[in-house]
Amino acid sequence: MGKTENRPAERSSWQLIARRFSKNRLAMAGVALLALMLLAILLAPAYMPYDEMIKEDVFNRLQRPGEGGHLLGTDELGRDLLARVLYGGRISLLGGMATIAIAFAAGCLIGGAAGYFGGRLDTVLMRFIDMLMAIPPVLLAMAILTALGSGLVNLIISLAISQIPRFARVVRSAVLTLRGSEYIEAARCYGCSSMKIIVRHILPNGIGPIIVSATLTLGQIILSISSMGFLGLGVASPTPEWGTIISENMLNIRYYPYLGLVPGVCICLAVMAVNFIGDGLRDAFDPRTGN
Amino acid sequence: MYLVKYTIKRLLMLIPVILGVTLILYFVLELSPSNPALQILGADASAEQIAALEHEMGLDQPIIVQYVRYILGVLRLDFGSSWVSGYDVLDTFMLRLPDTLMLAFTATLWAVALGIPIGIYAAVKQYGVFDYGSMVLTMLLFSMPSFWLAILCQILFCLVLHWLPATGVGSLRHFILPALVLGANTLASMIRMSRTSMLDVLRQDYIRTARAKGASKAAAIVHHAVGNSLVPVITQIGISFAGCIGGAVVTESIFTIPGLGSMLINAVKARDVPVVMGTVILVAIIVGVINLVVDLVCAKVDPRIDLAA
Amino acid sequence: MEMDRSGALLEVEGLHVRYKTKSAEVYALNGLDLRVERGEKLGLVGETGAGKTTLALSILRLLPERVGEITAGSIRYEGEQLLEQSEAYMLGLRGRRISMIFQDPMTSLNPIKTVGEQILEVLDLHFPGLSKAEKLGRVARMLETVGIPASRGGDFPYQFSGGMKQRIVIAMALIGEPELLLADEPTTALDVTIQAQILEMMSRLREEYGTAVILITHDLGVVAEFCDRVAVVYGGRIVEQGSVEQVFARGMNHPYTEGLLGCIPELDSRAERLTPIPGQMADPTVQPKGCSFAERCGRCMEICRTRQPEPFESEGHSIMCHLYGPGEV
């Protein structure tokens, strides 16, 4: 009982994916939310100069939201919470994206090489990956942090390394499935050029799971960065970071709940937006999984 | 009998993995610029004292020699001693392991016990109010950082309602809140996994066959769908349990539970290499054993899984 | 229970079934009439998507929930109106009085239960009075009957070949000793040699148990070999039905049946090419005003597009086509 799509052949698979994605309301909400947050964060220097807004001001300690021109109030040291959250977002969000980019690139390299060349290289690389996977990612990241010391760059590197095994696996299996699949053979048989095969067939079919996995991992990484910041292993105070902001306000949260609520809600919203996009992408790339 | 053989084989296969893990960790941690002798003796130690200690610890040897000595130590269950406290790493680990295991175990237990039925029910009533409700719940749990959830719970249950102690250990009541927080993520993945798996199983032909035989919808679900839907969920339980041991780092530090997590954080901050190394290796072994158990359980549930192969 | 012994075993009248999905409504059955006598072997033939499986699922009232819906018509089984019965009544009917065999034996068995357990389940459901030993004995005998050693009852489905799985499915369908068996393409997924074995076995068992069979297939060869009567389905209606001899004689046929018959190679006429039916299945998302085959019919007339044909009957051979309509010739 096939439903009547009007001539699917006229549309490329990319357009179909984009269309399915744009029809997904949650995914579009995620895109809108993430875009809004990124805009606010990236343009922050234009409307909220760091030095002016984030200065210690003992006379304006713990102002409630709205008091003294502070939209979201101030913390124990009299620093504007809104400004700190906006600048903190740069580290939490952009840092998360950087982490994924590194892990993604390294994972593609390792997994792609293992899958494409196969043989002994595959065995060696995958054994190595298996060993890394034997360690829970959080612990691996912490071990690397021990060696490198805390700080934003080290945090990003260690979190990225802890995610490489996962990406390498996904990429390798995608390459392996595609290499042996019949429709690639078929495309080759009726004279498709290699380039055309890669662009028209391998990319849309193979990159789906990789992009989806990258998006869904981004949510976890944002959580990890803020957790590490909270534990004092990542970005150290006074540099603002969502997790760090919560930890430095721990003592006052009970009576000044906004100090914990605002950065916490920011983390939630960012992760949620990213997860919506990830789920939407998954359904768009593989409509069978959706309902 | 083949189960015993399989178990032994798997445990033996764990050895090269652990050796590899040790190798990786050893060389990563070797990057650490800190000077252990200086760290142990304190800033006012003389150069001779430091040199003497370095010699004693074998730090003046080439790194390969150091690694082989470390490995030989590990095989004799000697993980060295802390650079900070001087205590034996394995002793400290064993001392702190019960609290962490207890925490991870209770967290996994309640999350599994609650998550699987919720997920299955949501799948059976797909698109119903319950289904949407459970989806919103998993969405929230997945996007909430556990330390933040912990703080919210502390404020609500301890400071406002005074139901539970906020921090520390000592009684079972102390474990309730940490286990609740630590299991939240597992709960979300259990709901999601069992729902997806159940939806998939409900579409299978053998469910229709069961219905055609005269089984009621409920009977078809209980006798045919649930068992089949559990296989991927069990795998997920193993992954989640390992995740809980990792997540305990955060939970223990907030609730000041003297388990592995809080030990590890202090060690990472102090760059106490032997402690970090020993802890990670030992946890990797525990995770390896958990994976083995999971595979054995899966094989028990699904006859198609052939362990002998 | 009072039963109308003289009437037909199954009478389907004016059955309309609609599938509703997010994107479209599909009219799967559009006024289907069908009559099956006791012990009869009826072949139900048609292309994929013609509504054959839908009919079988409608009889058992197992259409996919919230998607498939019977919008009009009646299904009488042994004189009882099935569409008005309670779910509890249907539970007692399925597997006991009407059984169904599904197309793909690979997926129609539960992979994590032994085949013995799965056959036994039918007895547990419908014969709760029997002792455990009695039930196990029946399962063992049934397995032997379909040609599988009873000792293999403790094996799991993955340990059997496709043909053996289908034998197990048949055992499961027959152990309740139903009066009607709905066999939905039972041999399509199997090798040709296995197909013949399975058909031969079904034929033998059918005789033994006196079960009526609706054999759903798109293979006219299978029908010619196995059935007494044929019903041809197109666009959710029976467009032609009659005895195998009447239909296969190629004397008077619905143009669609002619097309189907034209697709079968004949050994003795070597020069002739097979003639495929032009065009595609009618779009099931629109309800045509006239005959649903009009668009593909080589002998289509003006009236075919505007009015639905009435069945033309002669000696139990009925054709729903304006070519044979009363007074239209």
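Going in written order, the chains are labelled A, B and C, and every chain counts its residues from 1.
Basically, a contact is a pair of C-beta atoms (placed from the backbone, for glycine too) under 8 Å apart; a residue touches a chain by one contact, two chains touch by 3 or more.
Bear in mind the structure is a predicted one, so any value in this text is a computation, not a measurement.
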item	value
Other chains in touch with both chain A and chain C	B
A-B against B-C, pair bridged by the larger set of C-beta contacts	A-B
Chain B and chain C: spacing of chain centres that average the CA atoms, whole Å	54
Length of the line joining the C-alpha centres of chain A and chain B, rounded to whole Å	22
Interface hub residues of chain C, defined as touching at least two other chains	none
Chain B-touching residues of chain C, taken from the complex the two chains share	60, 62, 87, 91-96, 99-100, 102, 104, 107-113, 121-122, 125-126, 156, 158, 169, 172, 176
Parts of chain A lying in touch with chain B, wherever the complex brings them together	127-128, 130-132, 134-140, 142-150, 219, 223, 226-227, 230-233, 243, 246-247, 250, 253-254, 257, 260, 264, 267-269, 271-272, 275, 291
Residues on chain B engaged by chain A in the complex (per definition of touch)	17-18, 20-21, 24-25, 28-33, 126, 139-140, 142-148, 151-152, 155, 159, 199, 242-243, 245-247, 249-250, 253, 264-265, 267-269, 271-273, 276-277, 279-280, 283-284, 287-288
Residue numbers on chain B that touch chain C, as the complex places them	204-206, 208-216, 219, 223-224, 227-228, 301-304
